[in-house]
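Everything on this sheet refers to the single structure shown next.
Per-chain numbering from 1; labels A, B and C assigned in written order.
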Amino acid sequence: MSKQITFSIDGVEVKGKEGQTILQAADEAGIYIPRLCYMEGLIPHGSCRVCTVIVNGKPQAACTQPIAEGMTVENDTPELKEHRRNIIDMLFIEGNHFCMFCEKSGNCELQAVAYRLGILSPKFPYFFPKKDIDATHPDIFLDLNRCILCGRCVEASRDVDHKGVFEFVGRGINKKIAVNAEANLKDTNLAATDKAADVCPVGTINKKRTAFAIPIGKRLYDTKPIGSEIESRKK
Amino acid sequence: MAKPKIATASLAGCFGCHMSLLDIDERILKLIELVDFDKSPIDDIKEFTGRCAIGLIEGGCANEDNVHVLQEFRKHCDILVAVGDCAIMGDIPAMRNNIPLKECLEEAYLNGPTVHNPEKVIPNDKELPLCLDRVYPCHEVVKIDYSLPGCPPNADIIWQAVVALLTNKPLELPYELIKYD
Amino acid sequence: MSENLQSEIKVICQAYGNDRTKMMDIVLSVQQKFGQVSSEAMDLIAKCVNCYRVEVEGVVSFYAFLSKNPKGKVVIRLCNDVVDKMAGADAVADAFKKELGIDFGQTTNDGKITLEYAPCIGMCDQAPAALINDEVITYLSTDKVKEIVADIKKHYDPSKLKHRLGDGNNADDIVHSCVHNGIRKKGPVIFADYKKEAGLKNALAMSPVEVINVVKTARLRGRGGAGFPTGMKWQFTRGAAGEKKFILCNGDEGEPGTFKDRVILTERADLLFEGMTIAGYAIGAQAGILYLRGEYAYLRKLLEKILKERRDKNLLGNNIFGKKDFNFDITIQMGAGAYICGEETALISSCEGLRGDPKTRPPFPAQKGYLGYPTAVNNVETLCCAARILEMGAAWFAEIGSKGSPSTKLLSISGDCKQPGVYELPFGIKVKDLLKEVGAEDAQAVLIGGPSGQIIGPNDYNRTICYDDLATGGAVVVFGPERNLIKIAAEYMEFFVEESCGYCTPCRVGNVLLKKYLDKILAGKGEPQDLDLLQELGESIKTTSRCGLGQTSPNPVLTTLKNFRPLYENKVKKYPDGMQPTFDIRKALADAEKIANRQSVIYTK
């Protein structure tokens, strides 16, 4: 029986369990903290920084920061909204995000968070980087133009599938995903049924022959903003 | 008292955004009460006749003619709105951005799988505008005041934006209208 | 060839117990032997240590000294740090390009010599400087470059390069280096004469808890830059649950402008190891690791020799100084060219054979550090101070300095000053007095704490160097009246772009954007709103970044904006015609005009 911890988010009292992170407790309480790289069931990566909240005056990532008794958390403030918009803008201009023909459009978490924040266009210049596509695998194709380096596939493949198909290589702005082979995805043991094939928040890891099956208007984020499913838990 | 003018142009765009604009359907009758259309493919007026309140730009800059038209728009319009993903970030034309121009021209006119060009000529007449080294989103060439994302943006978002700008009200767009595809 | 590779790799991996956590040592050995860690080698290593091949690639691709593609037998790494550039590194760079016939980032046609840039290699007071394999060559000039290249081509063995020997232990046979210590001012703590091993003896006569109390009473704070109270760190580590404890010494000294640990490692390694042993005793560790930055590989043999001597004297090993059951030893972990590994959790990652990514906190290293065990990471200078405190007592330590920052600090001073070098000075010294001391009273600006610190101007020269005012790990760089501070800020941003680990969005992308905007301003195309954007973006990066690098990397921009705003304001202007100043139609048309063999009729020159 876990000890109960009481803390506050934007002045609202929240009860959580010892050992939970701010994000987990908030989710249970029906309070949406925007996030991208976090996925329930995987170890929080803490790379996107979208879930940054102010904890007792200091910025922390809500997905990795454990709750403590009496903690004061600020989430829905104009400053944090601006910081989050800047981060989303940075992700958009870092890659080549061509939503208009992307297989993930409408079901994409990056796009959905941007919609929720009301972003019409990024305020920073586009990098138009040269990134690779790997379509060698019979069932999965990789489009690194869209990768936001969330780390979900790395962790899922290593700790859930026990295959280690994906890992980060390079450093800084050149950091990217590589596969556990000389070069091509087809030379790995990735299968379409792997957890790693299901976790990508954007259109980087795509299952072949499934694109555009869901009509516009019926996709995940067409009518309701991302986070609505969390907020609907609020009593 | 003369009505404010609206001008529109499609640069390196498919005209889908103009079609979307026309999807305002009968609201165009209301629009005409508020504004006159100046230079635009819709009325086929080819040159600016005066100062415009709003310029709607579809498409990014892929060649020097696009740049020239866009610069003219910036000179003549009080407010410039980038309409659609091509104008905002280059969109499909910008897929060529990491490929050298020479290769693009050769693929289009010589090596493409459905090309029939036995004389192997890449068109080169001084009437043809020269291509830029890559496709530039509009805001990289001139100052853009507003952007409406979408491919194309929904008629409703264009309508709401234009009405807000004409009546000097803030642009408050509901969740359903913000789409990047 | 392949069979040879296979057997050699097996031997190397075996030498490190086929231990995956020894990946750094393994790949460094492979790189040394073959000039690369090839794709084939990666597969072989993965098999030997039982990990995924892509994990090996992840490690190799992270560190600057490792490469998948072959490098020459001789790798010349010219330092292109701000201070080296101020001292003339650009002309030296041109000389190398001319003599070798290649550009930076390339290898000569015969595959024998590779030419690269390296960020600060810790030789700022004797710049321009370069690493040639493990050798350090200082005071480079265009003439010297000619000689060096000619010499190298005779034997391709940088250890045979002729040069004057430096002072102190630099002249020792096993160091044999031209580096000089440059100690300008000795103080009572680090470079004073001291009673060797007296601190250790005193410590062993107390209980570990008492040792920690002495260090706490002395109010010793970390000397790497962050200034965390050392006694408290040891106390947390001691109190944490874990079968084993570790003491790690941060010898990564990568903050540009910092070279004081280099001198300690050269001249006071015994004091450092004594301090590490005391720390080990205090926290209950049996093992200590000195993480030595790859750029200081030339000191490794000396350090190993001193460690061996200490073992022979029963100062390391079992039952140290006869103290029953106090068993402690120290190993050296080499780095491989990554500034981020100076961050304590990234350092730990590197020691574990991983990419040098900082770790998620909590848990903190005191709870879960190296291999998951409670770990204390301390700076070189901090551990030396600890040894002196145990020798001389806590009260002695706080005799000079200021209340919040007792005792002395080693400052490594370089740039536009008459006497660059290492100074041991009491905390609380005013910047203007420091400038007088080093011969730089006409300084336009002073960088305190490296690029992750602050750039201040004459308005702040009355402020003091201490943890609560102008904190520093040691780096002080002076900029004379002629220097372009915006250009310097841009160069420091380039450093952070190169060194960011890339894990988190704001640091990975944001620093690139900051540099882009600075370049725009430097090109004369800046606009007033760019200054607001720099401010806003810099603050976002600082607020949301995951580790100390991103939390401080915008400082060169933000502190120059704050303290030298008129410089920026004079460089920007409005563009009322609405055209973007950065759009260059002539450049955009260059390709098409060449292909079409005709000029534009709309946009003539």
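Everything below uses one rule, namely that contacts are C-beta pairs under 8 Å (C-beta built on N, C-alpha and C of every residue); 3 or more make two chains touch, one makes a residue touch a chain.
None of these values were measured; they are calculated from a predicted model.
Taking B-C and A-C together, the pair of chains sharing more C-beta contacts is A-C. Chain centres were defined as the mean of their Cα atoms; on that basis the chain farthest from chain C turns out to be B. Distance between chain centres (mean CA atoms), chain A to chain C: 32 Å.
Mean C-alpha positions place chain B and chain C at a centre distance of 50 Å. Residue positions 134, 139-140 of chain B are each in touch with at least two other chains. Those residues of chain A in touch with two or more other chains are numbered 125. In chain C, no residue reaches two or more other chains under the touch definition. Chain B makes touch with chain C in their complex at residues 64-65, 67-68, 71, 74-75, 80, 100-102, 105, 122, 124, 126, 129-134, 136, 139-143.
Of all the residues in chain A, the ones that touch chain C in their complex are 44, 46-50, 52, 59, 61, 64-66, 82-83, 86-87, 90-91, 93-94, 123-125, 127, 148-149, 158, 164-175, 178-182.
Interface of chain B with chain A (complex): residues 82, 85, 88-92, 94-95, 97-98, 134, 137, 139-140, 146-149, 151, 173, 175-176, 178-181.
Those residues of chain A lying in contact with chain B across their complex are 98-102, 105-106, 111, 114-116, 118-121, 125-126, 128-130, 216, 223, 225. Taken in their complex, chain C has these residues touching chain A: 39, 51-55, 57-58, 61-62, 338, 355, 360-362, 497-506, 508-510, 512-513, 516, 533, 536-537, 540, 543-546.
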